[in-house]
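Some structures are shown below for you to check.
There are two complexes below, and they share chain A, which is joined by chain B in the first and by chain C in the second.
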Partner chain A sequence: MIWLFAQQMVNGLVMGSVYALLALGLTISFGIARVINFAHGELYMLGAFFTYVAAARFGYLPGVGISVLGMVAIGLLLDRLVLKPLRKGKMSLWAPFLATLAVSVILQNLAMAVFGPDPYLLSSPFAYNPVIIAGLVVTKQDILIAGVSLAATLLLTLFIKKGRYGLAMRAVARDRQTAALMGIGIEKVYMLTFALSAVLAGLAGALVAPKAMVDPFIGRMALLKGLSVVILGGLGNIPGAIAGGLVLGVSEALGAGFISAAYKDAIGYALMILVLLFRPEGILGKKMRRA
Partner chain B sequence: MTRQTLTGILLFGLAAAVPAFVANPFYLHTGIALMVNIVLALSLNFILGYVGEKSLGHAAFYGIGGYTAAILAINYALPAWLTLIAGAFVSGLFGLIVGYPSLRLRGPYFAIATLGFGAILQLIATNWVAVTKGPMGMPGVPPISLPNPFGAGFVFSTERPYYYLALIFVALTCWITYRLANSRTGRAFVAIHENVDLAESVGIDTFNFKMIAFLLGTVLAGLIGAFNAHYTNFISPKALEPYLTLNAVTMVIIGGEGTLAGPIVGAVLVTFLPEVLRVAEQYRMVFFGLILLISIIYAPSGIVGLVRNIAGRREAARHGNAA
Partner chain C sequence: MLEVKNLDVYYGPHRALEGFNLSVKEGEIVALVGANGAGKSTLLKVVSGLIRPRSGEIHFADRRVDGLAADAVLRAGIVHVPEGRRVFSDLTVEENLLIGAFSRRDSEIRQDAERIYEYFPVLKERRGQFAGSLSGGEQQMLAIGRGLMGRPKLMMLDEPLLGLAPVMVEKVAEIIQSLNRMGISVLLAEQNITVALGVAHRGYVVETGRITMEGEAGALAADPQVRQAYLGI
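Showing the complex of A and B:
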């Protein structure tokens, strides 16, 4: 019993760090550009497929690197082609929201037309030969996932807290017009934001793919998980996204181990709805003014 | 009689005359599919178009209606008039359960909550095997039959009676939309859409009106879901899929939200455009996505809005010349 608990905690923390990566991307695009990106799940899916294609030629780790470069391009395209035309005039939440929904349909079905509906297995040299630490089973892939997620999270936090561009991003998040008046190139900030957001989503996809299968529809679930986490942690809140990711990962793993594996996914949605109803600012968020 | 009512009656007359001239069951089938889409789009339009709440779980209510009708008809052999009403009622009940907490949320939070509720309902439909028969769905939903106290009932065995019943549902939905748009309630809806805080400040109980719109939308979605389960003799968790919600959203947006004609135009386009343009099956959804995207960027008020704009400009030009 205790062993099962500990093992599920470990599994939960690994998945949780992936959820945190997914949620970080969503939360910066909301916090900085006021866009709830409904195509975020498809960015995750593309990251996994890019890695799959590149890994077939160059191996897994170089494949992940190539996929990250691809995601930079996708993020920039998303911003330039879809979101920039919507930024004219009054910033409405609704237009980008619907537009990203449309992008999600387009990407999902393009992937479907290219790769077909069947799942692919992305093989990673780290996914086999589990190591046993204190009686708990972990694969090297799990360690890689946790390590890369941790590193990416730390780098992002440093970048936003300390860097010159991070300062610009925070300024735009606070007040876009004043930031523009202060001479910040806000278009550049948006491009940077979506490139980063896409890289984070793609990285999550590339890391999880060897543990799960890759198919054109994995993004749907990824989006829902990411949104649940973002809601748990508070929209636009970076530490919240990290904490929320770990909370969701652990509660799902414990739920699957002790309650019901079939309804594992419902736990996340139920948590999300409860937080929405009782604490919409998120578990770590400051009390909001009623918006 | 206004021009609008006249056009409406004329269109319904034409639609009612179609089966007299068209014998091919495939065309009638397409007509029924179109009308199911029209009712679904108009039902979402109350929520999305009139009060402007971005519901992303609409397909769930369509599916609940279908499952309710299927379970009652298969397990309890209830007559179709009752299962249709029950489908609408149970869907509305879930609308109450989902809407009551969610409608207190604003903007994106409401959309995310409905997305979550939709996902949970689909999980239940997939996993509650004892009731829903699980992911394979429930085949053998009996066809609709009308009771006859003096003898054998009239069983809907061809497309034609379904066509007329669907037409009645379309007429009903259009009538409700039309009456609503020109009522106090409809004006309150529009006020909420324009500016919630302002609407609240002039004494409109915004939560109540949102609830009315949400219930209306979910009841009608449940009704047409129940109808479709009987018509196709089948229901599965696919009926609750997010892509169906997206189809409905696309119809409402490209046609023009918050109008009567918009969602109908949208439904016609979504149903026929891929056929007319001969879009290959696997690119169909890509095509819808592109249309939706282009519409959002270049014509946010939809085709109806675009036409009105052009008509308005002509009118203005004419007045300008006269002056």
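Showing the complex of A and C:
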């Protein structure tokens, strides 16, 4: 019983760190650019496919690196081609919502056209031969996932807190006209935001793919998980995204272990509904303020 | 130093400024006075590159600056302290100052921040606090300090006295005069005509997008028409 609890905690924290990565990307694009990116799941899917293609030639880890570079390009394209034209005049929440929904469908179908509907197995040298630590079974891939997620999260937090452009991002998030008066290149900040957001999503895809299969539609579930976490943690709230990711991962894993694996997703959504009912600002969210 | 020539500005079909001519000479404080909605803020926003004029020219220090983006105008030496202070409320006081220096790449940013703390000791005491926790007057000081971090040659202040307690109004008026003594030219858009004309060298009166009177600040303040229209005496 205690063993099962500990094992599921470990599994939950590993998945939770992936959820946190997904949610961080969503939360910065909402917090800074006021875009709820419905193509975020497809960024995750692209990250996995980029890694699959690159890994076939260069091996898994270099493949992840190449995928990250590819995601920078995708994030910039998303901002320049789709979101920038919508920023003229008053910022609406609806226009980017519909536009990114369209991007999501387009990317799914492009991936279908290129890769077909069948799932692919992305193999990683770390996914086999699990190690046993204190009686708990962990693959090296799990350790990689948790380690890279932790590092990415720390770097992002540090950058936003201390970096020159991190400061600019926070200023734009709060008041973009005054930020422009400070000489901040607003468009540069948006480009940076979506490049970062895409890298985080892609990284999540690249890391999880060896534990699951890759197909053109894996983004749907990824988006749902990411959105749940963002709601758990509070929209636009970075520590909330991290906490929310871990909470969702752990509760899913414990639910799967102690109730039934079939209810894993239901448990996540039940948690989300409870948070919406009793703490709509999110577990770490502040009370809603004028945005 | 600043020359605004024949400026026409529209918001959609609505004309906001018409045939607007204004100048600020080096070392001057110029007041731009008039009622709410007369077009004072619009002029400032056009100069700082937030709004594009339909026609007309703006020259600053022998360069044409109309049509430049906000960051280029800032680098040319014009700082715009917006109406309502607009400090970044969930950034700290210190971060607000640093962001005022965003356009700069030199190594003296820290020194400048220290100088501003010396000048506004209350900001130093609160350097780690969120700007949103400051009082209105303190926020105005922060907004001016943040503007100074951009090392302006010309500072444009939009309604810096609005909503301040009488003591603070006096204090901010003194600050404006001391900015001027530091060698910064000032364009002051203000509804508080008495104080604005009190600190300024020259003034312009704006009504519905047009300049209706201009002259020495003292003469304007003494003008019977101005007194009747704006001071009720």
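Criterion: the second predicted complex is superposed on the first by the 288 of 291 C-alpha atoms of A that agree within 3 Å, B and C clash if a C-alpha of one lies under 4 Å from a C-alpha of the other, contacts with A are read in each partner's own complex, and residues count from 1 in each chain.
In this section, contacts are C-beta pairs under 8 Å (C-beta built on N, C-alpha and C of every residue); 3 or more make two chains touch, one makes a residue touch a chain.
What you see is a predicted model, and the numbers here were worked out from it, not measured in a lab.
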item	value
Contacts of A:276 with chain B and chain C, given as first, second, both or neither	first
Partner chain(s) touched by A:185 [first = chain B, second = chain C, both, neither]	second
Partner chain in contact with A:93 - chain B first, chain C second, else both or neither	first
In the complex, chain B residues that touch chain A	54, 101-102, 104-109, 111-113, 115-117, 119-120, 123-124, 127, 242-243, 246, 249-250, 253, 282-286, 288-290, 292-293, 296-297, 300
For the chain A and chain C complex, residues of the former touching the latter	164, 167-168, 170-171, 174-175, 177-185
For the chain C and chain A complex, residues of the former touching the latter	48, 50, 70-71, 74-75, 80, 82, 86, 88-91, 95, 98-100, 102-103, 146, 150
Footprint of chain B on chain A - complex, ascending	36, 82, 85-86, 93-95, 97-99, 101-106, 108-110, 112-113, 220, 224, 227-228, 231, 235, 262-263, 265-266, 269-270, 272-273, 276-277, 280, 291
